[in-house]
Amino acid sequence: MKIAVVGGGSTYTSELAEGFGANAAALGIDEVVLVDPAADKLAVIGPLVQRIMRRHGSRARVGWTPNLDRGVDGAAVVLLQLRVGGQSARIRDEAFPLECGCVGQETTGAGGLAKALRTIPVVLRIAERVRRFAAPGAWIVDFTNPVGMVTRALLDEGHRAVGLCNVAIGFQRRFAGLLGRAPADVVLDHVGLNHLTWETAVRLDGRDVLPELLKEHRQAVADEVDLPEAVFADGLVPSYYLRYFYGHDAEVERLRTAPSRGEEVARIEAELWDLYQDDTLDRKPELLSRRGGAYYSEAAVALMRSLLTEDGAVHAVNLRNRGFLPYLPDEAVIEVSARVGAAITPSARATLGPRQRGLVSAVAAYEELGVEAAVRGGERRVYEALLAHPLVGQHDLAEGLTRRLIATGRDHLPWA
Amino acid sequence: MKIAVVGGGSTYTSELAEGFGANAAALGIDEVVLVDPAADKLAVIGPLVQRIMRRHGSRARVGWTPNLDRGVDGAAVVLLQLRVGGQSARIRDEAFPLECGCVGQETTGAGGLAKALRTIPVVLRIAERVRRFAAPGAWIVDFTNPVGMVTRALLDEGHRAVGLCNVAIGFQRRFAGLLGRAPADVVLDHVGLNHLTWETAVRLDGRDVLPELLKEHRQAVADEVDLPEAVFADGLVPSYYLRYFYGHDAEVERLRTAPSRGEEVARIEAELWDLYQDDTLDRKPELLSRRGGAYYSEAAVALMRSLLTEDGAVHAVNLRNRGFLPYLPDEAVIEVSARVGAAITPSARATLGPRQRGLVSAVAAYEELGVEAAVRGGERRVYEALLAHPLVGQHDLAEGLTRRLIATGRDHLPWA
Amino acid sequence: MKIAVVGGGSTYTSELAEGFGANAAALGIDEVVLVDPAADKLAVIGPLVQRIMRRHGSRARVGWTPNLDRGVDGAAVVLLQLRVGGQSARIRDEAFPLECGCVGQETTGAGGLAKALRTIPVVLRIAERVRRFAAPGAWIVDFTNPVGMVTRALLDEGHRAVGLCNVAIGFQRRFAGLLGRAPADVVLDHVGLNHLTWETAVRLDGRDVLPELLKEHRQAVADEVDLPEAVFADGLVPSYYLRYFYGHDAEVERLRTAPSRGEEVARIEAELWDLYQDDTLDRKPELLSRRGGAYYSEAAVALMRSLLTEDGAVHAVNLRNRGFLPYLPDEAVIEVSARVGAAITPSARATLGPRQRGLVSAVAAYEELGVEAAVRGGERRVYEALLAHPLVGQHDLAEGLTRRLIATGRDHLPWA
Amino acid sequence: MKIAVVGGGSTYTSELAEGFGANAAALGIDEVVLVDPAADKLAVIGPLVQRIMRRHGSRARVGWTPNLDRGVDGAAVVLLQLRVGGQSARIRDEAFPLECGCVGQETTGAGGLAKALRTIPVVLRIAERVRRFAAPGAWIVDFTNPVGMVTRALLDEGHRAVGLCNVAIGFQRRFAGLLGRAPADVVLDHVGLNHLTWETAVRLDGRDVLPELLKEHRQAVADEVDLPEAVFADGLVPSYYLRYFYGHDAEVERLRTAPSRGEEVARIEAELWDLYQDDTLDRKPELLSRRGGAYYSEAAVALMRSLLTEDGAVHAVNLRNRGFLPYLPDEAVIEVSARVGAAITPSARATLGPRQRGLVSAVAAYEELGVEAAVRGGERRVYEALLAHPLVGQHDLAEGLTRRLIATGRDHLPWA
């Protein structure tokens, strides 16, 4: 069984390698291939992945190649973790919306749309090669942001894809800690859209303990999601990303002074690459944990196992709505705890309140328009998507952001 | 047949009187009674209404009373056009949201919620008396803002109510002018929520001429709705109230310098009362047209006729959604062109795009929470409604606005 | 020797009574008279002051009266600590500027101007009575905000007045604590305008230890002034009030959520009045320290001693510039450490840098225009003063603030 | 007599050539040399200048060279009109301040500081070569923005320099038009700092007609300066650049939607270069008037004549304050109408009111700190200058702007 990692030259990949190594037998991995246009990065990260997997005792073959067709050839699972334009594009995504007083963020708002617009065409081209060269019935697992929109674009084109996010697994670990239980004992109801989710139940031996958990650990939860308690006094715990909505202006103020996340990550990555030069290194460096994407490897490996073995375990994944949230179109892509067996079916109950429902509906409408803009192009579609976004919503802003998005992103926009 | 006008001491009532007078025979009006706690206002406006109706040749009895039970006794239609707290409460509604950088407006945002919170309990008390004293099967026609929320509260309590707005009739007259046709020839598809509507078709002899109309009169339409063309380049024409959404920040800037609408109306009303002192006056003064509510009387009289005769004519009314917009709950109250016959059923097609759908969903969620806050009270419910509103949406703003709404509105909030 | 306290019905007065009591002999006080239009407050606070002074062993007569002429009759010192319009006017001053996105504060910006406009005419009327009835050569000591502008208005009319602020004494106590020395050992160079001052030297036995103090206690100083260290990395320590300038927008954000200072003080005052009802109480309650004005009594009593004995001690006072800051007009009123002997002459060196100089010049220009607006009245003068204020500075804001200032303050503006 | 134009490859130079050509005899010009590092631009603009001057009948030699030393060798006047970093640096200057909610402009605020920081070191290096190679007593005439700060830096280093701006000549032409008189009949009192000036008198045959002019043409003046009348109801007419102060937030809103001035100019310049390719062209194209800098050539040529002939004519120039505005340091550089004879002495009266005085003092303090930051470098000095600027003034903004200024401008900052 072969796994291909597209964007395998990323500093993230050592995290993945730990997961592949520890689970190689359970997953039946015969081969891991890293694919990346950056051959120089592969020359460093490839051997490191090999050493890490060897450290775990895995005998799986590890390969690396800038050739996409060869890389995905015969793969059973293709993991997408690419970043079109690199950190410098991200830094621009985080900066230009601020010129209009809007939050600069790489997965939502105008910055998220910019990323979607340059990423979706690339992902769709890759998926075409996967369709042609990968093993029959191969899965595409997307970890490339904005995961919801990328997954929707893949599904719209008929690919066998599922989107993955590490927010739910982070909550599971944190809640398990607060409850003094092993993570495996804790099953979440996680509902919404990618980066717009709420934990609506925390099941321990089948019983929902979220109300008690909130009673005893209200402040710890507030710290975790970086939002005041009032925001989840209705009993539904928003993800950390909701602060871009519930705390938008404060976040804009913060970004005016603080270095952007992209600048920080660029610094961390430079340090990581220094560490990676050490050709005796055979484990992911501690520093990687500050890179973001905590537990990503665990989430990814566990999901692959379920996809390959159809074991029916619960994962938080991105998939078609198909009536689960009745106020969204069937074709919308939602993120929800789901049993991954022969089919993938939501295990959570769809219990969002009116406040969540309104916001989810508005963002889902934006995502629909955003995917259309990414696939079909055109300034007018960009404007419509931005005007639909609850963090934009105004003509002047949509117009100014459209102009800036196209001006700063032109190099990666095929139609501009 | 008797009509009762609750809030009949308003300066608006002379407009209504023109409509009643001109249609008294067609409607079969035997009696009009104005009800208002302000007996001094009734003593002026009552005789004026009488003179206006006489001028039209009507022989219907005209009465006035501060006694609600007596006023609605035996009425077939009860028209609600009251303003709890008067213009001074409105002026406060328009000011306090600005302290938080939010638009101050009497029908939407925090100002609109303030109005809903103080109005709905009063309207529900009135409706109880209507249920008890009016004729069996009497209609309540609500023109009191926010019409959508007030109508929903009435329907939730089982009243036979319909909400009325003058936005659609205004568009009909304006479009008829642009098309060079009589208003009666023009039938609109008007869809959305009260003060959050779009004209989605303009039918002339059954054919939708909106695309041509927009092609030829794009600038005139932009002027009419006070929004740039880009906002309706998708072919759906938003009402003038959408500028509080699509032009929110510009509106806030404008309000910082300009006198508020409430201050202007207070000035106009003072002038109107001066004119009303003339006991030979027998027509509504020209000045009334600057008071707002253009064509209100025509819309109201025409709607009453359809309610009483079940003639199946098309009116833009507020009623239960019941599946018309599939992304809204059945219980939501929408505003839509509808045939008013034995039943009231939408005549428009539900063709809003994703951009409109997202916004309508978000505002409908706010309205649901807002009605709950009005009926059940409590700071927490006010906060939840505000946090759900797309023009608020942030914790800090919702908290600051909640505190201010309660502080400035306390006198009219039974639970505060 | 008689002292009159105008505004003696304030909750502050028990603080003053402690100072008078402890220093009655040294000051040679024969009589203290509290003057206040609120006779009911005097009936509570008068006996309390008497009990406090008795507790200190003072035999001075304590009187109270709503009659200004009788109260100041024969007084050697008249202390002004009044608040025209009470806390409710203050609460309005703190709210209306927020509608324009400007800080709401009672001593600076549009709120401070509102207070100046209603206070200066009242103070000038009082000063006329002092001129007529007080002892020849009597001093007016002004503690009424905005102290700089009020003092300037008094001096412009030829009164023998000096302005007092408690910022400098607060710094002296705090710095003494950090240095491990008695307050009396610490002499400050305090320079600027009222509520726009910097500590430019901290003298210990004649030597300036500010550089060392900043080196060792940088964070403690930052906490004290509620500003980041970068703001005083040039070695000049701004007062706490500078955060309304250097942290303006953050302060506006804070005020949007937090209850205003006036609302807090109103709550504290209500509690204080409850405590004051106890007719065995013979000391100021601990709670008073949360009322603001810390060390005010010590500063005031010490200053009176110097005024009466011409002992040449150093106090931070408000007086004419007369060339001390060469970039300000001679008639400007500055706040500076000064020796109070037969004459009052600055003891500090005028060592502000260009950054401070620019801000001080701009605010002094505002104060000149603001005093003119207070004395001569007129919407146009209010607008000019606001346009000159560095926290306003824009036409739209000045226009919107002028309209609101006059609308909310009309009752206390003789010319409006 | 030789004139050197540093930055002679600019599209502006054809405007200058018209002036040189028309006045070659009067000025006694023997030679004009254009100096520019861009040899390709010189190859186009040099021959064009030659053709324009020939068209005027001038026989002066026209040369061009990228070699600075050779270019200024023996020159009697060296005109500086360079743009370090070109339009792309300007476009960045106009964009980055918007990320912090501050106006993006190339001569004031954070954008103006960015330009000063990269320009002053280059200008000072050029001036050193002028000192060494130009004729003894040669004048440096600076038209490079920010003119006030550049001129100050030149004077601080002992150069014989004067700064020139085209604002005053623009007013003179406009006022002459309104008055129905020839421009030469109109003499202005123009007072302030570069791009922060007011017209305080308009002399016609020695008499000040500004009050009448404002009475009759108030709206025309408001249109000219793009500011509401209230801003100059005190009788002093601010320059167009004051709208960045008096209309700051509105300007920020405008910039969020509109293309930046730099983007527009870049477009115009591209068109101009197309026109300049025509080697029969012998006059400046009409299009140049939309490039900015109207009347620049007339102002520059007239000033040179006065500098060379000491004719005592009045020009608006940048020079040392030396007590003219008593609230500014002697070393400050002001912009004022002055007689240019054997000495250059202000002809205007220093009649600014308190409102102008406060703003001028604050900006002068910023300029002092800004020149120091340009000459000596260092993040800390940049921060201090920004914190001193009235359009910044806040710690968070100064910190965020400092970081961005250095990040976007690093290539041209020798110390960063």
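Lettered A, B, C and D in written order, each chain numbered from 1.
The rule we apply is simple: a contact is a pair of C-beta atoms (placed from the backbone, for glycine too) under 8 Å apart; a residue touches a chain by one contact, two chains touch by 3 or more.
The chain lineup, named per UniProt: A, B, C, D = 6-phospho-beta-glucosidase.
If you're wondering where the values come from, they're calculated on a predicted model, not measured in any experiment.
Undergrad: With a step meaning a move to a chain it touches, how many steps does the shortest path from subunit B to subunit C take?
TA: When the steps are counted carefully, the minimum from subunit B to subunit C is 1.
Undergrad: Does A-B or B-D have more contacting C-beta pairs?
TA: Counting C-beta pairs in contact, A-B comes out ahead.
Undergrad: Suppose each chain is reduced to the average of its Cα coordinates; what separation in Å results between subunit B and subunit D?
TA: Chain centroid spacing, subunit B to subunit D, equals 57 Å.
Undergrad: Just curious, how far off is subunit D from subunit A if you go by their C-alpha centres, in Å?
TA: One centre to the other, that is 51 Å.
Undergrad: Taking each chain's centre as its mean C-alpha position, how far apart are subunit A and subunit B in Å?
TA: 45
Undergrad: Scan subunit B for residues touching two or more other chains and write them down.
TA: If we look for residues of subunit B contacting two or more partner chains, we find 101, 249-250, 253, 396-397, 399.
Undergrad: Residue numbers of subunit B touching subunit A in their complex, please.
TA: 101, 227-228, 230-231, 233-234, 245-250, 327-329, 354-355, 357-359, 361-366, 368-369, 380, 383-384, 387-388, 390, 393-399
Undergrad: Can you check the complex and tell me which residues of subunit D touch subunit A?
TA: Subunit D residues touching subunit A: 95, 98-101, 253, 256-257, 259, 396-397, 399-400, 403.
Undergrad: List the residues on subunit B that touch subunit D in their complex, please.
TA: Per the stated touch rule, the residues are 249-250, 253.
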